[in-house]
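Which chain is which? They are A, B, C, D, E and F, in the order written, and residues in each are numbered from 1.
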Amino acid sequence: MSERVVLCYGDSNTYGSIPGGGDRFPRDMRWPGVLAAQLGDDWHVIEEGLGGRTTVFDDPILPDRNGRTYLRPCLLSHQPLDLVVIFLGTNDLKARFAASAADIAGGVAVLTEIALAVAPKVLVLGLPELVSYTDVDGFHLDAAGHRTIGEAVGQRIAAMF
Amino acid sequence: MSERVVLCYGDSNTYGSIPGGGDRFPRDMRWPGVLAAQLGDDWHVIEEGLGGRTTVFDDPILPDRNGRTYLRPCLLSHQPLDLVVIFLGTNDLKARFAASAADIAGGVAVLTEIALAVAPKVLVLGLPELVSYTDVDGFHLDAAGHRTIGEAVGQRIAAMF
Amino acid sequence: MSERVVLCYGDSNTYGSIPGGGDRFPRDMRWPGVLAAQLGDDWHVIEEGLGGRTTVFDDPILPDRNGRTYLRPCLLSHQPLDLVVIFLGTNDLKARFAASAADIAGGVAVLTEIALAVAPKVLVLGLPELVSYTDVDGFHLDAAGHRTIGEAVGQRIAAMF
Amino acid sequence: MSERVVLCYGDSNTYGSIPGGGDRFPRDMRWPGVLAAQLGDDWHVIEEGLGGRTTVFDDPILPDRNGRTYLRPCLLSHQPLDLVVIFLGTNDLKARFAASAADIAGGVAVLTEIALAVAPKVLVLGLPELVSYTDVDGFHLDAAGHRTIGEAVGQRIAAMF
Amino acid sequence: MSERVVLCYGDSNTYGSIPGGGDRFPRDMRWPGVLAAQLGDDWHVIEEGLGGRTTVFDDPILPDRNGRTYLRPCLLSHQPLDLVVIFLGTNDLKARFAASAADIAGGVAVLTEIALAVAPKVLVLGLPELVSYTDVDGFHLDAAGHRTIGEAVGQRIAAMF
Amino acid sequence: MSERVVLCYGDSNTYGSIPGGGDRFPRDMRWPGVLAAQLGDDWHVIEEGLGGRTTVFDDPILPDRNGRTYLRPCLLSHQPLDLVVIFLGTNDLKARFAASAADIAGGVAVLTEIALAVAPKVLVLGLPELVSYTDVDGFHLDAAGHRTIGEAVGQRIAAMF
């Protein structure tokens, strides 16, 4: 069987920012790394996490964070893809986007439609079902959170393919 | 020693398009794959090749191909980086960009400056020194070309680090 | 006397969305159609209603809805024009635009200025003076509302020309 | 049978510019008008011709002429559509676009793909097969040219539906 | 000693709008003029104040007011510069930007970083420390306010150079 | 009589680049400075010259050089203006803009129209009538060229006002 490919598309919680600091967890502690270990050699896992990334909003203060603008060339660069995991929405909560919960869901829907034009399946992560955020800053995952997410995504993928 | 990271930023010749068709060479035959094999476990090699990508030009016919627009979020998503390899310019030759050789060099210089704001080193590939293109379509690498490039870049990296 | 031309520029209430569904009222039930029937053969009525259209805001979730971007080429395509009727503002109320009543009025003023650079007269519809919205969804016109608007605009035009 | 709708999307030759001057032929002499007369009451014909419109190029000297930017909101505003007729490409020949014949064909292909996402059929007009341009300025249709185009499109539509 | 150059970059309070009207205070009454008089012939003072200018926000109602877009070409046009004084933020308070105090500070930080890439020093004015606004409209400086600002900036510059 | 104001809007030849190097002539040797000396205290002369500035073209290699984007906020910042002198076009000759002589004239016409919406008079400089360029690089003015331009513009202004 040929290698399968999954793209992990997200923000600082996919990048693996260490809560309370700018540093990054090592590759094998970040949830895409946990996922890669769990999936084994049959899968190639691509990390695409950028701190501050929104679903579809241009951020006038932090440029280059619009998740829609970047997604299509990113998909085309990494195709053929078997799965795209989208884990975004937290940064949309910033006051300057004035986004309602429905707007954020709408933004994720826009990304999902773009992804489905290139990849056959999309998995959207809604974090609250999975883990509680770290106490350090209230919205970043700690090492245990990454492990939980990586394993949960791995189980879901095992059930999907 | 901790893992080192290199980003391979290019067009269809980094994506690994098979000459004469839309398909993609397997991961280990594409030059970033050849490079990864040569560098071994000390290095993590990130592929970022997109067919039609230019240095700095918006393509009105093929959207999402401007190499400048995409580069900065791509660097930020994959940092910390030890090296960026830039292998672009061929698509700038399309008549609709009206680009002179100096313009293409200028475009690569723009990308180099952006990359050096995030990564400590940049390696720019000028292909003609390395390989001749395939006969099939005159501008795509065949498997031998990928091997030559991957090995040459590997040797250069060995000398740089 | 040569034919006169009026452009009806609006959102879903000019498009004629049927409340509670995506379908469209037939041409003669939409207010521009009611207007055309009332004005008779001396006038040519052009419909330009797009669901979700704002006055001047880019909608990151629903693209192509900025009423300002589209207005100038639309005017130039249909000139010479005797009148532009602008019936916009409802979609500006979405939370993500964070627009005050003064902002919406400002958006309409921007459109009016653009229209007056091409057409000699502009008529701005402020709906609440004319009809109450349907009960189905609270912001779409029903068939009676379209009839009321079309006839009211027709009477106003008769008084203007 | 309910009314069918065709959108005529083009440049000055769809607008109906009189060769050698800025004026516009009357509605019934422009090719969409000729077409409407020929198709009769079963069809509604929408004119969308703008002088200087390109297929996909932004014109830095003449703003608002990019045929791609305008097409999608135009389609959405006039849907449901049975047919889109695209008659563009002449303005792409301006030197500042540096467009090859293949580029212009590529631009038309982009528009066709956008149109087919909304309408079931697209008819692309390649003028040279149909008429010779007027002697006055070499690239505008005279009244006879409009009649020829309108009738030819009408016959093609009769064969398509 | 060669002439030193300071760029005063701001909004209507640098432009010198007279409170309650659209007119402009004369050059020597505006704070950059007061500053020029105080600094004397050793300095060249450049005024760059535009009513409605924001730090980094595009204003959909009032175009051309984004302070970030304009800043870099403005700096390059007036270099070499010894100092940039940034006096912006008031217009960011408009409801349609939905900007928090932290966002406005973030916007000023973006401008400061851009300025420091061209000029060696930046001075950011936070108005409330200096003057109370006029009673006429609550956010425009009167003549006394301009004098206070100009003199305070002059003293700060004297201490910096 | 109150002070009159003239804005000098141009490229490196208004900035005063010294031929063969990146440095800038001193203020009194640049043509706007020559002009200021000639016009005396009745006039305030504003310099706005940026190397690489085009009339209306975005330069993908050298950002922030589009003369149209910058002009309107620049005019609004410096109004009320009695005159705008436009001295642009040389950079449009770069191959990547593919601009014909008519295109460059068209670009200047676009700028003139923008300027006339704010200022009552515009003076367009066509350099070849005035001076020959320096031998050093073939397109930059030397000190004598600046003097010739400044004096010629001064005489023209004397005749206009």
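Quick notes
By definition in this document, contacts are C-beta pairs under 8 Å (C-beta built on N, C-alpha and C of every residue); 3 or more make two chains touch, one makes a residue touch a chain.
Owing to the predicted nature of the structure, the values given are computational and were not obtained by experimental measurement.
With steps allowed only between chains in touch, the distance from chain C over to chain F comes to 2. Common neighbours of chain B and chain C (chains touching each): A, D. The chains that touch both chain D and chain E are C, F. Distance between Cα centroids is largest for the pairing of chain A with F. Interface comparison, C-D against D-F: more C-beta pairs in contact at C-D.
If you average the CA atoms of chain A and of chain C, the two centres end up 41 Å from each other. In terms of their C-alpha centroids, the spacing between chain E and chain F amounts to 25 Å. Residue positions 97-98 of chain B are each in touch with at least two other chains. Under the contact rule stated at the top, the pairs of chains that touch are A-B, A-C, A-E, B-D, B-F, C-D, C-E, D-F, E-F. Residues of chain C that touch chain D in their complex: 2-3, 15, 24, 26-27, 44, 47-51, 53, 63-65, 69-70, 72-73, 76-80.
Interface of chain B with chain F (complex): residues 56-58, 68, 97-100, 103, 106-107, 110.
Residues of chain B that touch chain D in their complex: 60-61, 94-98.
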